[in-house]
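The structures come next, written out as structure tokens.
Paired with chain B in one complex and with chain C in the other, chain A is shared by the two complexes that follow.
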Partner chain A sequence: MRKILLIIFLVQLTIFPQSTSFDFHSPQKIKLFADYLFCEKDYLRAIEEYEMIRNQFVIDTIEFKVMLGYSNLGLSKNSNKIFSDFNIESKLYPDAYLVSMKNELLIDSKPLHYSEFSSFTSSQFESYVRLLNISALYGDEQSITKNNFLTLYSKEDQNTLSKLYDYKFDPPYKSPAWAGIFSAIIPGSGKMYVGEWGDGITGFLLTGLFAFLAYDNFKADHDTRAWIFTGIGAFFYAGNIYGSISAAQIFNAKINFEFSNGLKLFLENKNYFIPDYDFCK
Partner chain B sequence: MISVNKIFFLIVLSSFWFINVLAQTTFESQFNYAEKLYDEENYFDAVTEFKRLLYFDKSESYDYRANMFIGLSYKQGGKFSEALQFLSLARFHSESDKEFFNSSIEIIKVNILRRTTGRAFALLDTLANDNRFINKSEEINYWRGWAFIFSDDWQKAASTFSKYKSDEQLVELCDSVTNELYNTQLAKYLSLIPGAGQFYTGEYISGLISIGWSVLWGYLTIEAFIEDRILDGVLIGSMLWWRFYSGNIQNAEKFALEKNLEITNSALNYLQHKFAGEKP
Partner chain C sequence: MRSKHHIFFITLLLTTSAFCQIENLKWQKADLSYEKPNKFRERTYSFKSDNAGELLKKSFVNTYWFFISDVDGDNCAFRPSCSSFFIDATEETNIFQATLMFSDRLVRDTNPIKINNYPRDKSNHYYDPANNYTLNSEEINYLPPTFIVDDE
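Entry: the complex of A and B
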């Protein structure tokens, strides 16, 4: 009996140090917790935890996860800051390089330059070419034809990219000068040219109505009333010309916005530039 | 005399108890630390520490409390979707009727705040029909009243609060809001007399302008018809007089809606900053 009790006592003694030494903030525990947070997509907290142990664990996976976390949070500059110290010998370096290229594109909005990189696998190289290709949309020169540009992407992405390509190299801008001239000749036609059919028709009818009323009242010798209608008609006429020019300018600004915002959203949402990782499997 | 065996047995037992208590204390101190952060309104760090506790505590003994605090922290940060996720987890891990009820009420409060009041009403109905919570009908009624406030139904809120004497202050407030609110339909129909709807909502200048335009274009229309200038009359009447007359009706309804929004916002502002009772 005493032997059994002794064994139990010894077992308890071995458990004792483990129980008392449970430290939530030991580097190993922090790493485990950070990995969990990263997989839960709670990147901000995961990064905070990784930052606490970066000096104690020199592991390229941690560096890469912090880099990816920042990138996923849209903090591209922070992400590239991590890359600047990334170990070039690391297995993850080519992937980190791809992430850094994507970040650079989001930060500078400039075309990327091709550089020879022998460590790429075929899929990494494919991602790299896609990234380089899409960066051409940030340049001023049409360096690639539309068909060649689109072949690298899936059918689904081709629709979005085709629109973005057209917006960049063949934007359907409307000339503010022509919009003004059209409205000066036929009131409302400038608005119709910009695509604002409702406003155009209303402008045409109102200006026409006041012109007719002015004419009819002059004819009936109601001069005062005729001049009032002339004034109102002239106000609508001038307002319509000004409105048409503004509408064309707004239309063009909208195209520019849709292009830059659409391209940024596409880059942020598309993760295929970076291969899948099995960190959370 | 106590035998040696008995003494040995006692030592083993007490050491076993001591170790277990110590292990629990470690997790309890982590919980207390996280709770302290929550009390200090350091919600971001509180969430981190509660999540850390949940991740390492395999006994699942903190699943209810920690998830509840995480949900409440997210709620304080205005992250209502995340709050609902963790409060639902807390409810899932509730081990008593009290815990189930409290987590359900917190879920209802978040739904009220993010104005998904349909969901709040459904949950309130579930609680009201649950026999376990018959003695909680006053509290259920209280949050139902708040759900009506956030659905902009101040009249129903007042009648809900009036079921219990303790909610008299809220009854008064809801009643006064109901009395202050403009009837949008009345504003619209009063405007059949140009400007009357605007006068009803206190927008006197706008009312006078409406009268002015309607009288001017109405006069010109009638005059054109009297002088047999039929085309002039039809054009002025249809395109000018009618445009301003119908605009006057729409305008009065818009003013009533805007004024109502001002009244309800001011009431909500009072509830947020000056009302001393429990709030969602």
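Entry: the complex of A and C
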């Protein structure tokens, strides 16, 4: 009896996987799996699954999820490509519009010229204005005062954006000319002026050391040695002036980098431009 | 019955050992080297040059290599190393400006507190290319200290 049961059990085990009644690759099953992956934030694999069924289901939710997935992966161009074919009649179009605005900012880093969409809800309109505001930071003209700029954002974001606003319109640049002049007067002081204290002190000590050795040897009538130390001292003195100028330029490049990178990170990390959806609830 | 079992096991063992032999190529000794590639020693101490400026540069670099760099060993904290920085600087600017850049690099190299100022390359040296110091702000490629540079 036992043997018979075991055989029946084994036979069933081998037959079921072969059965065609379970179609694991039906479009519905693929969609379910893709939805699961999307909610798990595994966007790359979710998009792969959605792409397999996009021709079979013309559903704006799938289009939107693919667009959002690409955007969250940082593939802004791919995301906007989906938007170019997005159905304008869809309920999700205003949200897709906001996502495309964010993508555009990340692609071009230029002020946006998106007009207001007629069917925006109040929260969508708020996001639209916030995005337009942020895009103003990419322009050259100070079109909005700092207080007006910051009022639209939460307190936490205001700290980040206030710094970015200052970096853009009142950057704390250091003057390369002043750095050079400072180092010409006191070796190393130009480097200290741009915040390179270690390099500044080292430059001062090296130049000072060789200047002293030159002076001391001249005083002791060791002219040859004195001239060698004078040469080395002059080498470090001139190099320090040059280095202070280039350090100021690098400092300014750092400010520019911190502005552009900070703004990019802010845009990538802040998802409140796009409202919450009940896809995964 | 017993002999049948024996034949079966012998055949099994023979096949196992015979198939294992096929894999012998897989287990041959491999020519592996775990040494880190050292580009530091790839130097040509030649004075061959096309013009006076080139000869001056070669003389300076060879002197630096012979009297300082070779004696000190591969201890420059930076990549490119100070002498390579000077060569790069002469290629990007002129001998006079390159000398000033080299002098500034020596000061920065002497500074013992340079942690967190430069990005690093994969061999954990500070990455500090000459193009950042040519005084042409367009050429500056600022990288944050947290950045790891892949300069292979």
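By our rule, the second predicted complex is superposed on the first by the 260 of 281 C-alpha atoms of A that agree within 3 Å, B and C clash if a C-alpha of one lies under 4 Å from a C-alpha of the other, contacts with A are read in each partner's own complex, and residues count from 1 in each chain.
Going forward, contacts are C-beta pairs under 8 Å (C-beta built on N, C-alpha and C of every residue); 3 or more make two chains touch, one makes a residue touch a chain.
Because the structure is a prediction, the values reported are computed rather than measured.
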Worksheet item: Touching A:236 in the superposition: chain B (first), chain C (second), both, neither?
Response: second
Discussion item. Under the stated touch criterion, which partner chain does A:88 make contact with: chain B (first), chain C (second), both, or neither?
Written reply: neither
Discussion item. Taking the superposition on A as described, I'd like to know which of chain B and chain C A:185 touches: first, second, both or neither.
Written reply: neither
Worksheet item: For A:206, is the partner it touches chain B (first), chain C (second), both, or none of the two (neither)?
Response: both
Discussion item. Quick check for you: in the superposed arrangement, does A:24 touch first (chain B), second (chain C), both or neither?
Written reply: first
Item to complete: Mind working out whether A:58 is in touch with chain B, chain C, both or neither, as first, second, both or neither?
Response: neither
Practice prompt. In the overlay, work out which of chain B or chain C sits against more residues of chain A.
Written response: B
Item to complete: Report for A:33: first if it touches chain B alone, second if chain C alone, otherwise both or neither.
Response: first
Worksheet, complete the sentence: Footprint intersection on chain A (chain B / chain C) at 206
Discussion item. Under the stated contact criterion, what part of chain B meets chain A in this complex?
Written reply: 4-5, 8-9, 11-12, 15-16, 19-20, 22-23, 26-27, 30, 47-48, 51-53, 55-56, 220, 227, 229, 231-232, 235-236, 239-240
Item to complete: Provide the residue numbers of chain A that touch chain B in the complex, in ascending order.
Response: 1-2, 5-6, 8-9, 12-13, 15-16, 19-20, 22, 24, 29, 32-33, 36-37, 42, 45, 48-49, 205-206, 209, 212-213, 216-217, 220, 225
Worksheet, complete the sentence: Residue set of chain C touching chain A in the complex reads 97, 99-104, 106-108, 110-114, 117, 132-135, 137, 140, 142, 144
Discussion item. For the complex, give me every residue of chain A touching chain C.
Written reply: 196-199, 201-203, 206, 235-236, 238-240, 242-243, 245-246, 249-250, 252-254, 256-257, 261
